[in-house]
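What follows are several structures.
One chain, subunit A, links the two complexes that follow: it is found with subunit B in the first and with subunit C in the second.
Entry: the complex of A and B
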C-alpha cells in the first residue's frame, strides 16, 4: 500500500542491560520492523556513527539489502548529522526508538529532529495502521495496554514504543551480505556531551519493607504483591451529587473537559 | 529352443538398461556439493563395511539378518554365474551346479522375506516393497529351472514351449526388478546406492567399530548457509538418502514420531529422495508424518525444500537423539540432514520457531540462553569456595560447570558433584565467569555462526590454562567439547562426571555407603550414550552403590530420549503426547521408584512430568548422599599419582 513512500528508520547501537554488550537496540529494531512491514525492504535504515561497527549487521540481518551510515566519530553529535541528512533527502516518515540504550540516552533525539525539520512528532507509537492520501492512522501506546488512535499528516517523526510488534529474528547470512554504505558527513562536535563524565550507575539503597508474616505463604505474598497505586480517592458513602462533583473536578484537572 | 538365443538377449538388455539407469542416478547425486572422500580407498573398504559394519547393525534382528544374507548372497552369486553360464554360455557342469545351489539359497531367503511380508509391521513400507519377495522368488525359481539342463539333470529341451514361455515371463520379471530396477528407482535401488553409500560414506570413522557423531562446521563464507535445495547437500549425502530400504527401524525408534509430532525419519529420507529426483510423495507407501496427509509434498533438485516438500515443523520436531541413526541398517545420517536444513532456516531465513530467536539472541548478547548476567555465573557457588582457573592457572581437573549454573535444580547437581570432588581430594578448578555456553543449543538450532563464536572464545579461554582433563556434569557440553571443538582447534580430554566418579571409586578414593531405597532404573542420556558410547560407567557406579537396576525396555543404545535435546523444548512443536511423559511411562513399567540420570536436561524434562511419578536424581546426587566422609583424605596422595 505504501511502497512508494519513503520511510526512514533511524538506528543506534544498543547495549544489553545485563552484559553491557553492544546489540541491536530493542526499540530501534522495532522501528525497523515497523518500517519493513510498511515498505518491505524499501525501508531506508540510517545510522550516524561508524560503518565498521559489526553490530549494525544485526539490523541488516532482519533482511535489509543495505544500510546507510553517516560516518561520524564518537564525539560528534549524531542528531545534527541526521537532521541535516533528512532535511536534504526528503522522507515521508521517520521512525526512531523512544530512547537510546547507550550514550546520553536522554530520549531527546526524536524531539530535536522533529523541531529541526519542523514536522509533527508522535511519541511512543505501537503501530501505523494505514497511510492513505498523505495521512497516517497511528496507534499510540498508553500505559496498561491502552491505545490512542491518532491521525497525522505526512511527513512526520514517530518514536516507536516497546508495545510495537517485536522485531523479527536477525539472520546471520543476510546480515553478513548486506552492504553498509558509508557516507562521509560533516561532523559537529557534541559540546554538551564533552562535559559529561560517565560512571557505572550506583544502586541507590532501598528501604526494606518490614513484613510481619508468620507463614511462608504470607511472606511470599508480601514479596510478590504489586504495590498499590497511591493518590486517588475512594468515595463510597457520600451523596451522589458530591460523587459527581469529584469526578467532574478530576476530568477538569486532567484536561479532559475544558 | 527359443530360450537359447532369447535368454542372452534379455540378460544383456537388462544389463545395458541397468548401466543407463546407473549413469542417470549417478548424475542426480553429482548435482550435490563436492565433498572430499577417498574414492579408491572407499571402494576397497566397501566389502568389509558391508560384511562387518552393516551386518553388525542388521544382526540386531536375527531373522532379518539371516534372511538378508541368504537372499542377497544368493542373488549376487547367481547373477555372476548367470552371466557366465547363460550370457557367455560357458559349458561347465560345475558352474551350473553352483548356479543351482545359489538360486536355491536365494529362493530360501526369499521365502523368509515373503513370510515377513505376510503380516508386515506398520514401520515397513508397502507398495512396490510388497512385490519384491515375489520378484525374488520368481527370479530364483526361473533360473533354477533354466539351469537344470546345463547341469545335466534334465534333457535340453524338456517341457516344450509352454514352460519356455512361462520361464521367459519369470526371467523378464526377475531381471527387470532385480537388475535394471536397481538403478531405475525400484526397491532394489538400495543395493546399488547402498553399496556406493558405504564406500563413499561422509563419516568413514563410523566403520571398524569407530564413532563419529560431531556435527560438521559450516563454512560461514559460503554462498548460502545450510541447505536450501537438495543440491545444497553434499553429493554423498544425496547418495546416502538413496540407500534407504524403507525398513522403518528409524520410525519405530523416533520419539517425536511416537509423540505424534509431524516427524517420521523414514518419510523424511524419502522426501529427500523426492527432492533429489523430483516428484511428489503421492506414491509413498509408508506411515506419513503424524497429522500430515500424503500427496501434497512436491519437490525437485533445484527447489527450496521447506517450500512445498518438507514443512519446517517437521525439522524442528527432532530432538537430535540419534536413535534413528543408531538403528539404521544403511547407516544413513538423519541428524546431519535435519540440522543442515535447520541451518538454512535460522541463518538465512531468520525463522527459528517459538523461543528460538530469543534464545539465540540471548546467547549472542550474554553467552547464556536465558539472558542472565554473565557476571553471575558463579553465584550458585558463593558458599563453595571453588578455586578459579584465573587464580590457580593450573589444575588436574577443569570442572566445566555449564549453564546449569543459572538453574536452581541443576545447581543441586553441581553442588553434589563438588562435594564428591572435595571428598576425593581432587585438584580441580573452574573457569567461573570466563566460561560461556558451550554452543550446543545454538548449533542444534542451526545457528552455527553463534556456535563457532562461542566455541572459539571458550577455546581461547581454555588455552590460557593448564589442566589434564575437563570433567562436566552436562552431557551436551561434554559432547561438544569432546567432539565438536576439535574442528575449531580445541582438543581436550573430556570426561563425563559419571566416568570420572567411577574412576575415583575404582581407585578407592571414595567410600560409598549402600543405597537404601526402592527400585531404581537408569535413563541413558542420548548425548552420553549414543553420542559417546558411555553406557557402562553410570551402571558401574550404581552397582557400587549397591543398586540393582531395573532396566527399562529401551535402555543402552536404544534408550528413548527425554525430549530435551536439539533445542526441542525451545522450538516446542506440538504433538499428541509429550516425549518426557512417554519416557516416564517406560520407567513406571519396570516399577521404578527412582530414575537415576546423568544429565541436568534430562532431570528437568523428567521432573516436568506431573506427580505422582518416580523421583529423579542425578548420579552425582546419589553418590554424594552415599559418601562416607573423612576416610579417603589419607589415600589421596597415593591416588594422585595413579590419576595423573
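Entry: the complex of A and C
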C-alpha cells in the first residue's frame, strides 16, 4: 500500500477492567495495529497527556520508533489540543478507539475532532481494505457480527472497533528504547469536567418482573404458571408446501434473508 | 323489559361449580364501564351473585363472576382492557427521543428511553409532549402504548442503509423547529450512540453517556469504561443506558404524526456500499441474528446443513443431538450451552424442554417445526408448523433456492 499516506493513530491510557491497572487501551492498540499494517512504521502515534507516563511505552513496544506526546496536565481538555495539532499538521487518516477505558469515556473524541476538522467520520470500523486514488474502502463492524462496506474520500476520521484485528504483542525492550517526543502545547482547562463527581461504580439494581395483580389468585398464577406465548399461529393439516411458504414469508418479512 | 332479575338456576349452578366444563364460558368477566370523562365507574350492586340459599355471595378471587346466570351478566361479554388515553393538545415543550427501531420494531431499550422521557416531562412544569423520531422502515404499531405523543417518521431512499449525515441533517432541522427541552438517545450499538454523539458534536452539547439514573436536576452515568459513576448536572442531550427507566404501561398516548418541511439533502461523503456477506457460522452463536436449530426430530443431517446454508442461518442444536454427536458442543443452545439473542429462531424438531427454552428467552420470533402440536416449543412459538421436518425443510430449501436464483438474476 502507498506509504506516503499520513496516518495518525490517537492513543490514550487504558485501564484493566478488573484490576484497574493502567495498560495500553485495547481499541487504541487495534488502531495502531491497523495503522501499522497500512503504513508500516510511518504511522504517527499521538497522545495528549503526560510524556512521563510509562504505559505509553507499551504502544511503542509494538515496533514504533517514536511516539509524539502533546504535553498536557490531567485537568486539560485533550480533544482541543489534538484538534489544534491535527489542524496544523496534515493527516490523511486519523484513527481512534471507540471509547476510552478511563476518564469520562464518553466516546466523543472522534466526533468532536471530525466536527472541528470538517472531515467525515466513519465509526466502528473493522478494517481498511484499501486506499487508492484518495478513496478508502472500509469495512464497518455492525452488531451481530455483520459487516458493511463503506467508501469514503480522504481525509477522514475513523474509530476502530473491537472487531478489528487484535493488536500485536508489545515487546518490552524496544518499548524502552523508543523515543517519546514531548511537545509543549497550549492547555485548555476542562472546566465542565471539574464539576463532575466521580466515584467507583455502584451495582445497578436488577430489574424485577413486576406483577400487576390485584388478587391473590392472580399473583399465585403469575408466580407458578409457565410462561406461554401469546397465542402464535399454528398451521396444521396442510400440505408441506404451504407450511414452508408460511415460514418463508415470515423470514422475508423479518428481513433475515440476505 | 322489566328490570326484574330473572334467575336461571342452571347458570347459577354452573357459576358455582368451578369444575363444570361450561364454567369459564359462563363467567366471562364483565366489561368495565367508563364515564364520559374516561373515569372507571363501578356498580356496587352488580357485585356478587345469589347463592343457592338465597344469600348474596361475593367471590373476590375473580374465579366466578358477578351476576353470572342473572339476566344482566349474560348480556356482557369479555372485553380487552383499554388503557386511558393521554392527550397533549398544544405542548409547551418537547422532549425528543430518537429511537433505534431494530428490525422496524420498538425494542426494550427504546421503550426504556420513552419511559425516561415521560419521567422528565413529569418532572417539569407545563405540559410537554414526547416526540419520537424514527428513520427508515417501520413495522411497529404500538407507538401509542409505548408512550409516544408525537411521531416523526422519516422515510425515503436518502435515509436507507448507513446515512448518518442525512439523519444528522434531519435532527438539526428538528432542533430548529421544536427546540426540544431534552434530546434522548438509546446508548446502543444499533445507531443510537452514533447519532447522539454526532448531534452532540454538531450542537456543541456535552452529552451524558451511559446515563442510568436521570432526573431533571442530576444525572448518574457510567464512566471509565463502566467502572466508575459520574454524577453531574443533567445536560440537554443524554445517551441512556439500558433499563434506565421503567417503560410506560399505564396509559395510551396519541402518537400523532408530525411532518418536517423540507430537509435539504446533505452532501454524501460516506458512501454505503451495502452489507458484506459473512459466513453465518463464523458469527458467535450468542450474537447471531437468525438461527436454524436442530433437535431430535432431524433425521437427514445433510439436508439440515444445506437448509442452513441456503437460508444464510447460523446453526444451533439441542443438547440431545449434541450428545449424540451430530453437532459440535459449541452449537448447543440452552441452559448448559449458549444463551442466544436471535431475532428469528427456527426450531426444527425440538420439543422445548425448559433447559432449552431458557436459552432462547431473549429471542424475538420463534418458529417451530414439529410433529407434536402439544409440545412446549409450539406453545412458545409465534408460528408453528405441525408436520414432518424433512418434508417442510425440503420445500423450504426449494423456496430459498428460487429466491437466491431470482436475486442473482435481478442483479445480473
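The criterion applied here is as follows: the second predicted complex is superposed on the first by the 206 of 258 C-alpha atoms of A that agree within 3 Å, B and C clash if a C-alpha of one lies under 4 Å from a C-alpha of the other, contacts with A are read in each partner's own complex, and residues count from 1 in each chain.
Criterion: a contact is a pair of C-beta atoms (placed from the backbone, for glycine too) under 8 Å apart; a residue touches a chain by one contact, two chains touch by 3 or more.
None of the values given here were measured: they were computed from a predicted structure.
Enquirer: Let me test your reading of the model: by the given contact rule, A:122 touches which partner, first (subunit B), second (subunit C), both or neither?
Expert: The answer is second: A:122 touches subunit C but not subunit B.
Enquirer: Is subunit A touched at more residues by subunit B or by subunit C?
Expert: Partner with more touched residues of subunit A: C.
Enquirer: Regarding the shared-chain residue A:5, is it in contact with subunit B (first), subunit C (second), both, or neither?
Expert: Once the two structures are laid over each other on A, A:5 reaches no partner at all.
Enquirer: Quick one: is A:29 in contact with subunit B, with subunit C, with both, or with neither? Answer first, second, both or neither.
Expert: The answer is neither, since A:29 touches no partner chain.
Enquirer: With the two structures laid over each other on chain A, which partner does A:48 touch: subunit B (first), subunit C (second), both, or neither?
Expert: After superposition on chain A, A:48 lies in contact with neither partner.
Enquirer: Where does A:93 make contact in the superposed view: on subunit B (first), on subunit C (second), on both, or on neither?
Expert: neither
Enquirer: In the complex, go through subunit C and note every residue touching subunit A.
Expert: Within the complex, subunit C touches subunit A at residues 60-63, 103-104, 139, 161-162, 164-165, 189-190, 193-194, 197-198, 200-202, 206-209, 212, 222-233, 243, 269-278, 282-284, 287-290, 311-313, 343-344, 346, 365-367, 369, 373, 376, 378-388, 391-396, 398-400, 403.
Enquirer: So in the complex, the part of subunit B that touches subunit A is made up of which residues?
Expert: So the residues of subunit B in touch with subunit A come to 220, 224-225, 346-352, 356-357, 360-361, 364-367, 371-375, 447, 449-450.
Enquirer: Which subunit A residues qualify as touching subunit B in the complex?
Expert: Interface residues on the subunit A side: 16, 18-19, 21, 23, 61-63, 168-174, 176.
Enquirer: Along subunit A, where are the residues that touch subunit C in the complex?
Expert: Going through subunit A, the ones touching subunit C are 15, 17, 20, 99-108, 111-112, 114-115, 120-124, 137, 139-140, 142-153, 156, 192, 195-202, 204, 207, 215-218, 226-229, 232-238, 240-241, 243-248, 250-258.
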